[in-house]
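Accompanying notes for the structure given below.
Labels run A, B, C and D following the written order; every chain starts at residue 1.
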Amino acid sequence: MDWVYLIEVLVGGLLSGVMYSLVAIGFVLIYKSSGIFNFAQGTMLLFASLTFVKMTENGIGFWTALFIAAGIMVIFGVATERFVIRPLANQNLLALFMATVGLATFQEGFSQFIWDSDVHGLQMNKFLDIGLLDPNPIFMSDHIPWLDILIPQFDIFASLVAGLMIVVLAFFFQKTKTGLSLRAVSDDHMAAMAVGIPLQTVWAVVWAVTGIIALVSGLLWAERVSVSFTLIEAVMKALPVILIGGLTSIPGAIVGGLVIGVGEKLGEIYLADVFGGQGIELWFAYFMALMFLVVRPQGMFGEKLIERV
Amino acid sequence: MATIPGLVLSHNQNHPDSVALRYKQLGIWNSYSWKDYLEETSTLANAYKSISIGKGTVVAIYGNNVPKLIFSIAAIQTLGGIVVPVHPECTSVELKKILSESKTEFLISEDQQQVDTYLDIESDCPVKSVIYLDGRGMINYKNDKLHSYDELTAKAKSANFEKEIQALNENDTAFYLFDEHEDSIYKVTHKAIIDNSEKIISLNSLTDKDSIVSYLPLSIPTNLLFTYITSLSSGMSFNLPESNQTIEKDLQEIGPTILYAPSFVFKHIITSISYRIESASESNYNRYMSHYKMLMEIYDKEVSGTNSFFDKIKKTWIMLTTFLPAKNVFGLTKIKHAFVSDGVLSKVNFDFFHAIGVEIQHSFGQASSCGCISVQPDHSVSSENVGSVMQGSEIKVNEKSEVCYKSDCSAELLSGKSNIEDGWVNSGYVGKIDDATGNLVIRGRSEDIITLKSGKQFSPESIENLISCSPFVKSSIIVGQGQDSISVIVVIDPNSVNSWADRKNIRYTGYTELAAKQEVKDLIKSHITCVNETLESELKVKSFVVLHRTLVMTQGEVSKTMEVMRKSIETNLKDVHSAIKENKNDFIVNDIDQLSYELSINKI
Amino acid sequence: MIYRETGHFVTNYLKDREIFPMTFDKVVALIGLLWLFLWVPTTSEYFLSAHVIPILAVGLATVGLNILTGLTGQLSLGTAGFMCVGAFGTYNLMLRVPDYLMSLPVALLMSGIFAGLVGVVFGLPAIRIKGFYLLVSTLAAQYFVWWFFNSYAWFLNYESSGVVAIAPKFYDYWGLGNFLGVDMQGYPARYLLALVVCIGLSYFAKNLLRSNTGRNFMSVRDRDIAASVMGISVPRAKLLAFFISCFYCGVAGGIYSFLYIGNVDLMIYEVDRSFTILFMLIIGGLGSISGSWLGAIFVYEFPIVFTWVGDFIFQGAFNTAVVENVSNMVYGVFIIALLIREPGGFAALWATTKQKLRMWPYPH
Amino acid sequence: MSDILKVENVTLQFGGVKAITDISFNVKEGEICAVIGPNGAGKSSMLNVINGVYLPQVGTVTYNGVTRRTINPRDAAIAGMARTFQNIALFQGMTVLENIMTGRNLFMKSTWLEQGLNIGRAREEERSNRLAVEKVIKFLQIESIRKTPVAKLPYGLQKRVELGRALVAEPKILLLDEPMAGMNLEEKADMSCFILEINKEQGITTVMIEHDMGVVMDISDHVVVLDYGKKIGDGSPTEVMANQDVIDAYLGVSH
């Protein structure tokens, strides 16, 4: 067995797993705070990156565009809470899920309506000539001297950004008051309301934060798959991740992302031949998640439910 | 021969397969044809014969209308026995009086509730054997007199009683009927009560195609006549609801063509209509109210004959959009005749029913007159009278303005002081005969007449009727004997006042608190003020009390037909009466539930 | 207003559970049903082919999904995958079984059974996995099935284009067309076949709904622990729901491919179709068969009508992409508004309206 | 009378928390056995062990002569156990009638195909089981709400419907988890009557968790007292009331 190749595959898997994790975190945040399975995550990615790209295409600078796009996502998140989530507060989970599918449909139409339906290349390297990275095209795989393997430079960059996001989020939720409220809300809605935590404000914050996560992960994903309709499918990629991780766990989302990332790469290399066909990555992640859940139905870090009767 | 078993027999011969009795049980409607009816009564008669019920045996039927009890009536009479219908909610005092005075030997009771009431007074009455239909909850009862109906009838075989039925004499006593106002029992013969029902049938051309729902116990004399006897005489179907909680739904399902009810039921329907529309959406409520107003205007024109073609179109529209559906909800769509007894409807309610096509016919009758002495004809438009006297009867008003009558269908008193003076039966009601039309107008019971300090005499019922016609008032009691002015005790209707309060965002936890709300008092006050405008100055109501609870039938505070029973109320609520007498503002009532309540007298 | 319930009473329990207890309803339903058959000559082939038959196909799939999601509470996003099994199953049965043994109606039902069995396999995890976690299983089914038919060309009879047209002879049901002198490949005949299947299966579903099986499904949906305490086998109920539901989807897939588009094409069974059908279910109302049909009609026709109206008003001033995007926006807003107003969908709206009509002018 | 149910040395824990510690008691055939104790005493857990919703770590349950540590709830139902729940577990999407009909599912032998086609046995079963259900509806006096969705009913009526759903299964033993919780006096009186009648007239053994001591003393033949997962009393109502441990636990006297 070629160990170097294996390590390359593993590292590559871990790095793409980080990208899955980032999308998954957006999911988990919303699910944790309000029990909503947010299907609109994918279109939020599309909307955010499309907004950003259109601005840069019109000559707005990188940081300015990033800042404005983040602002728009915050507004969007708050509006979603106000006009979609709040009126549906007491509905069953399925209705809320469908509402987010409705939201996704709206967003899909909306983003392509105000921007356009074209496929945009992001070419992040254009903006990233800021000393962080090699000015060479960033898709070039770089040789990592001390391990003697080749890793795409962008993947490392993306992982760094994603990791940074996760740290910031962790800080936000562990140390700030809003973050603490969120944790209280996710533990028990009624109790949180009883101690005077404004549920609706917390939800609004969560949706806003999710919007920003969508922007960051959207840009990272877009670099790989271009800014287009395909971004929406990122959400389908993230689904097995959060389910493996357990719907309510941020660490679960991170670990789940890594597991899926690595597993998918390994499956592609070692199992594709067994199935005599290409493209098993289409379903492989789901099968992994399925196997995992059959053993542990609540996911890796999900709370085990003792059903009280 | 017109006897009750004889009627069953003749229906069996004339139309054996048409529906005689329909009852809802376990969620579906079952029916008995006349053939089944005869079969059931014959089998039952055989069973009753085995426990030596025979000619002249007095048997009490104690319960709600369930088929087994209904069949028992004809079965007992087949054997020549006398049936005493007893109200399932009657007090033990009443039960004792009825059983001992009528010398009842057998008591056929519905379930544990009735058996318990009987057991309270067991030692004081001559009952030899109690047969219960439903033994539920009585497994531990050790009493030799108690027998299960099912055991009794299990072995009973069908038998042919045709001969026995033919041999019955129509002048024999069929029923002993208890008049709770007079507290006395009447002997009713087969002939008298059947003839009386024939008069109603021919007057209103009722046929065997009609149907009637009977949901009140047959111990109410008017109810016995109008539902049970009338359906037997005419051969129409007699329908029994599933339980007391499902009457409204069951009425709708059957959609009867004949409706009989004491006035309180119609009042209840009006209240239901009113409180249900109260909780409708704003637009629906407003539209309903405006349609109501229009309807009544058109009705007034109809009565005076001045309605135009345009009015007719308008009425059709109003009926289609609002009142036909409303009738459908209450199961009144098919009603052809609606008989009211035991009180009259106020003009507003009477007119409303007539306007929507439910033609109310007031009637007047008691146990002594076999349930009916006068009834309004079809299409009568006056809410005041109770119609003219029926064929074969005469009526007069004596010098004390008491209504007296002679009738070929009257009942004799079983015991006690006779109420017959010079061949005229004194009904115990005061009233007058309208000279122009010959219609009888009933003012109230003669013993209830109130004399004010000024010497002014009046019957409280007419004022009470006016006050009670508001949907918010369940009942009212006028107080004023020997006083300067009239006061009234008002009992609010929980349903309609609840939904009114919800609409007005008034918070409360229960009836007592709701009744004590200032808003409720203001509501009642404005209604009484309205009523006062129609009254002569001496009879204007000057103060009122909103009572903290409703009146209780099992305490004898209201009659079985929901008329107020002044004597019981006066004893049970003596604190209220004395407070009114002493003209207090706030006072404490020590009620029969051993609790005290704070009430206040409100001046108008 | 319309309802005249006075005088309607039931005399036995079977009458009490009739689908249309009131005579008025019965008559309306019967007339409606007859009309569905008799209107064929008055309509155009185009209307049948572009509107009616596809609605019948997706509506049937919606009814199927309703049994699984609406009745049993098992969320599924694998509907298109199961339809795909049905379509390929029908194709291969028609292709590989001798003509004298096989005909389209039989193939449809048999491939429905295939789809049902595939559904049971992917339903097995449902015994342990609950709620949103179950999405992983149904999505696995969706992607796996799609990949499977894409990878093994045998199922497409080695057609390199990935789309295989359906031979006209497949429409010949044991020579019935010749016998009746009807063009069985024509849309009216296709419509009638689809209609009969849909009515039959809707009736079947409605019967299930009001029988023990339906109650068992609903009890699993509402409170699975209580259901098992009542003696209901929860795993059996779930697997049965998967089987029946996927059977419906399979038949629907066969109808879609054979009676609507006329070829077998993998591309139309992608995951967005699963979403579309879930939409139809939600908009129509969970647990209601008639709701599923209303939902299917609405979701299918909405973009078409919207585009048509847009074109009519603006006379093509905007390009199709713009109209499509606006249509998506309006559609999204509509769904959210509907869920806020009436989470029970059209079925609940209809039920409230009916209740209002019955109780009119009273609110309750 | 023989013991229909024997609970022996049952211990149940969740994670590290012991809900029940080494509890044994017997229920005689035909009696009303009340399990009482303060909140958190492990009463509901005890019922859940008996009909197999929870699996105890140690101990056995002998029912009808068969001893085992665990039983599948469905098998328990087949063996004639029916129960109600502390926090009403009705099927909220169904009407009263449908809810009670689910209690008859073990009596339905027709296949789903017959039911789907609405033929043969399926129709007959719908009819005959509806009759059984209607008898229970009449017994519980809920005729007027039979077609009402249970979600619209007040709490007391929901409890009644749940009792009906358990009763219609014609059980040998009925496990009632706080049948009178949250009821007013009148509703409690009705419920007590129903339970007594079910027990005395239909002969169904009843195990009941109840807080209201008045009711327990009135209607039960046998009382088991739990406190903090341990059994502190077992005997007739009068015996139990005289037990010092029980008095302490109930009146909150410090130990």
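Here is the rule we use: a residue touches a chain if its C-beta (ideal position, glycine included) is under 8 Å from a C-beta of that chain, and two chains touch if they have at least 3 such contacts.
Quick caveat: nothing in here was measured; it's all calculated off a predicted structure.
Counted as hops between touching chains, the shortest connection from chain A to chain B is 2. Distance from per-chain Cα centroids to the pooled protein Cα centroid is smallest for D. Comparing the CA-atom centres of all chains against that of chain C, the greatest distance is found for B. In this structure, the chain pairs A-C and B-D differ in their number of contacting C-beta pairs, and the larger number is found at A-C. Averaging C-alpha coordinates per chain places the centre of chain A 33 Å away from that of chain C.
One inter-chain figure worth recording: chain A and chain D are separated by 47 Å, centre to centre, where each centre is the mean of the chain's CA atoms. Chain centres here are Cα means. That of chain B falls 44 Å from that of chain D. Mean C-alpha positions place chain B and chain C at a centre distance of 57 Å.
Looking at chain C, one finds that residues 12-13, 16, 225-226, 229 touch two or more other chains. The multi-chain contact residues of chain B, meaning those touching 2 or more other chains, are 27.
Multi-chain contact residues of chain D (touching two or more other chains): 53, 85, 89, 130-131. Contact residues of chain C toward chain A in the complex are 69, 75, 125, 128-133, 135-137, 139-140, 143-144, 146-147, 150-152, 225-226, 229, 271, 275, 278-279, 282, 286, 321-322, 324-336, 339-340, 343. Those residues of chain C that touch chain D in the shared complex are 12-14, 16-17, 204-205, 207-208, 211-216, 218-219, 221-223, 225-234, 240, 244, 287.
Contacts from chain B toward chain D in the complex involve residues 25-27, 136-137, 139-140, 242-243, 245-246, 249.
Interface of chain C with chain B (complex): residues 1, 3-13, 15-16, 358-364. Chain A makes touch with chain C in their complex at residues 37, 83-84, 87-88, 91-95, 97-99, 101-110, 112-113, 117, 236, 239-240, 243, 247, 275-280, 282-283, 286-287, 289-290, 293-294, 297-299, 307, 309.
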